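Quick one: structure below, then a few questions.
Chain nomenclature is as follows: A, B and C, assigned in order of appearance, with residue numbering initiated at 1 for each chain independently.
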Amino acid sequence: MIDVLRIVFLRDLKVSLRRWTDVLTSLILFVLVSLVFPLTLGNDSTMLLKIVGPVMLVSALLANLLAMQNIFRPDVINGSLEQLTLSSYPLTWIICTKIFSFWLITSLPLLLISGFIASSYYVTGNSILIVILTLLLSTPSLVHISALAAALTVAIRYPGALMALIIIPLSLPIMIFGSKAIEFSISGIDVSAPLYFLLGMMFFTCSLGPIVTASAIRISID
Amino acid sequence: MKQEDRRSVTHHNLQSNFLELYRSDHLIFSNISFELSEGQHLLISGANGTGKTSLLRVICGLTIPTDGTVMWDELATNNVDCTYHHHLAYLGHKNALISELTAKENLEYSLDRHRSVMSTNRILEAFDLNKYLDQYAEKLSNGQMRKVALTRILLSDKTLWILDEPLANIDPPGKQFLLTEMQAHLERGGMLITTSNVNNETLKSNLEINLDNP
Amino acid sequence: MNFKSIYKLGSPPLFYKLCIALEPWFLISSILLIAVGMYSGLFVAPPDDEMGDAFRIIYFHVPSAYVSMMAYVYMGAAAIIGLIWRSNVAFSLAKSCAPIGASFTFLALVTGMLWGKPMWGTAWVWDARLTSELILLFLYLAYMMLHLSIPDRAKADRSASLLAIVGMVNIPIIHYSVVWWNTLHQASTISKFAKPSIATEMLWPLIIMILAYTLLFAAFLSKRTAAELAVREKRTRWIQTLILGDKSNA
């Protein structure tokens, strides 16, 4: 089965890289949204330090919302997701691999650039590492929740904001703890509590998410 | 996971019992029962809109019927122990080709075990696809995309082929080749289910289900 | 436990008749209890030491909030039953719970805001409970929108049921995240929203109102479920004889 997962992973990676506009979408949105705040609020370092946590998480969420519209839809339209459903390999693992490759394409660039954006918000030293670590722990959960929302809405022709309506309430805990983690590290308080929570949420969503997403796909393809 | 040599002498059979499908209060079909064994071809015929594609999807397991069961080797197909999907190759209306990959990559990255390189070349030659292998799938014409999709099925080495209007959009030499391949598949002990709404353009069938009745 | 009688409940004609029969009882008993509760809450219970008469809105806010959360649990349970047994009755129940639950949530939010104005001077405050109620409202809206957006009814039922179950599992997580987030901005007025020790004369009307709202929810739910079942089964004989009398077409 590992061979099959490797084929799915490489295939999806290749396809995502060829749809290079998708790769850039989440990155551009993340950068633009996080840069809008200092541009509109002004050059006040204390205020920027206060808002950097929420801004990072919100930008990651919005970038995710937009990028995840395309995780399943093209494959449903061209029929290849049907074939994956019909294969003798467990759909849960195939979906997990798909989501992982999508995470690599959409969220890994965010992690890399978040350090620079954080420093533009006057974050220094260890806190920049905490920003990257927070995004590393929260983006997998966000991606799995968005994949579930995408799977539920994939059969709808014009979903509009329905995906956002499903994703945002479910991702609120991650947003809360993620932004608090960054805020704590900037104020010098111990960061472990929110980070542990994010880690827990990551295990929770990454283990149960693909199972529910696979069921949602089977229902939508019906 | 059960490893089964597909060329062994295990005999398979596919059976359906009283299949019925309602969609949003409309009856699509009801009381469909058949039994298909090795070397047999089931043809599902009917005018447009009579539910041929829906019946095919129910047999595959993509759509859950409102009533009735499909059984493979005496086990219901939604039973965990059933090996139905190991032996199934399905081609629907959509070609399952990823537009951003070339034709060759689409075939390479398919999940099914391939037959030998010689068979691959033979089929590609017969379908006249060799010139188009490095073109992106979205640039191919409808007929060529269909041929690539069919190549994937022909190479997949599965026992049961479920094909929705396989001869549609194919040019005459391609059709001839496909009919020969389907016949060879049946002679090897394979099973075939196809749909068609043109009577003379199919392989001769052992069983027929006509959905035209009121 | 008699499984056979529970299984029989899954039959649409039986459940329909049950809903139609029970609904007037639920409605009448709930109206009576509301009258009793309102009278005792508004007039009989003594005014609170700190809040004066303003606290009386608790008799409308707390029952609404309670019913709104209970409705989500009902919806989730009906969704699980519907998915496992593919039962039209369970799916109708789940679908009907959503708008009623959303309305009660909205009521809870509005009464919460009406309470907030005399208490803290502002209508909205980011307190843990109000914020959780707001998120609950969004979860209901997501369910309803998902159900409405999918044209095929069976598919809509199953997708929306999955969403209801995921939401149900996530609600405790969301609620406690919001509580944790709130304790970081410890405002002294927040503790007033909690009900530490409440005098018995104030407690009884509250319990009566909670019971009354639950019965009201049951009344609305029965009526709506019956209507939903009738629509789903509109081509079957039992509905046609029931609604059209014996002039039903064969």
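We take it that a residue touches a chain if its C-beta (ideal position, glycine included) is under 8 Å from a C-beta of that chain, and two chains touch if they have at least 3 such contacts.
This is a predicted model, so every value here is computed, not measured.
Going by the touch criterion at the top, tell me which pair is linked by more C-beta contacts: B-C or A-C.
More contacting C-beta pairs are found at A-C.
Report back the single chain whose CA centre is most distant from the CA centre of subunit B.
C
Report the inter-centroid distance (CA atoms only) between subunit A and subunit B in whole Å.
The answer is 37 Å.
In whole angstrom, what separates the CA-based centres of subunit B and subunit C?
48
Need the CA-centroid distance for the pair subunit A / subunit C, whole Å please.
Measuring from centre to centre gives 33 Å for this pair.
Residue numbers in subunit C touching 2 or more other chains?
Those would be 152, 154.
Quick one: which residues in subunit A touch 2 or more of the other chains?
Each of 222 in subunit A touches at least two other chains.
On subunit B, where are the residues touching two or more other chains?
Where subunit B is concerned, no single residue meets two or more other chains.
Which stretch or stretches of subunit C touch subunit B in the complex?
Going by the criterion above, the answer is residues 151-154, 234-235.
Over in the complex, which subunit A residues touch subunit C? Could you list them?
Touching subunit C: residues 148, 152-153, 155-156, 159, 162, 165-166, 168-170, 172-173, 176-177, 180, 201, 212, 215-216, 219-220, 222 of subunit A.
Per the contact definition, I'd like the list of subunit A residues that touch subunit B in the complex.
So the residues of subunit A in touch with subunit B come to 1, 4, 7-8, 10-11, 14-15, 18-19, 74-75, 77-80, 82-89, 221-222.
Considering only the defined contacts, which subunit B positions touch subunit C in the complex?
On the subunit B side, the touching residues are 23-25.
Report the residues of subunit C in contact with subunit A in the complex, numbered from low to high.
135, 138-139, 141-142, 145-146, 149-150, 152, 154-155, 158-159, 162-163, 166-167, 170, 173-174, 177-178, 180-181, 184
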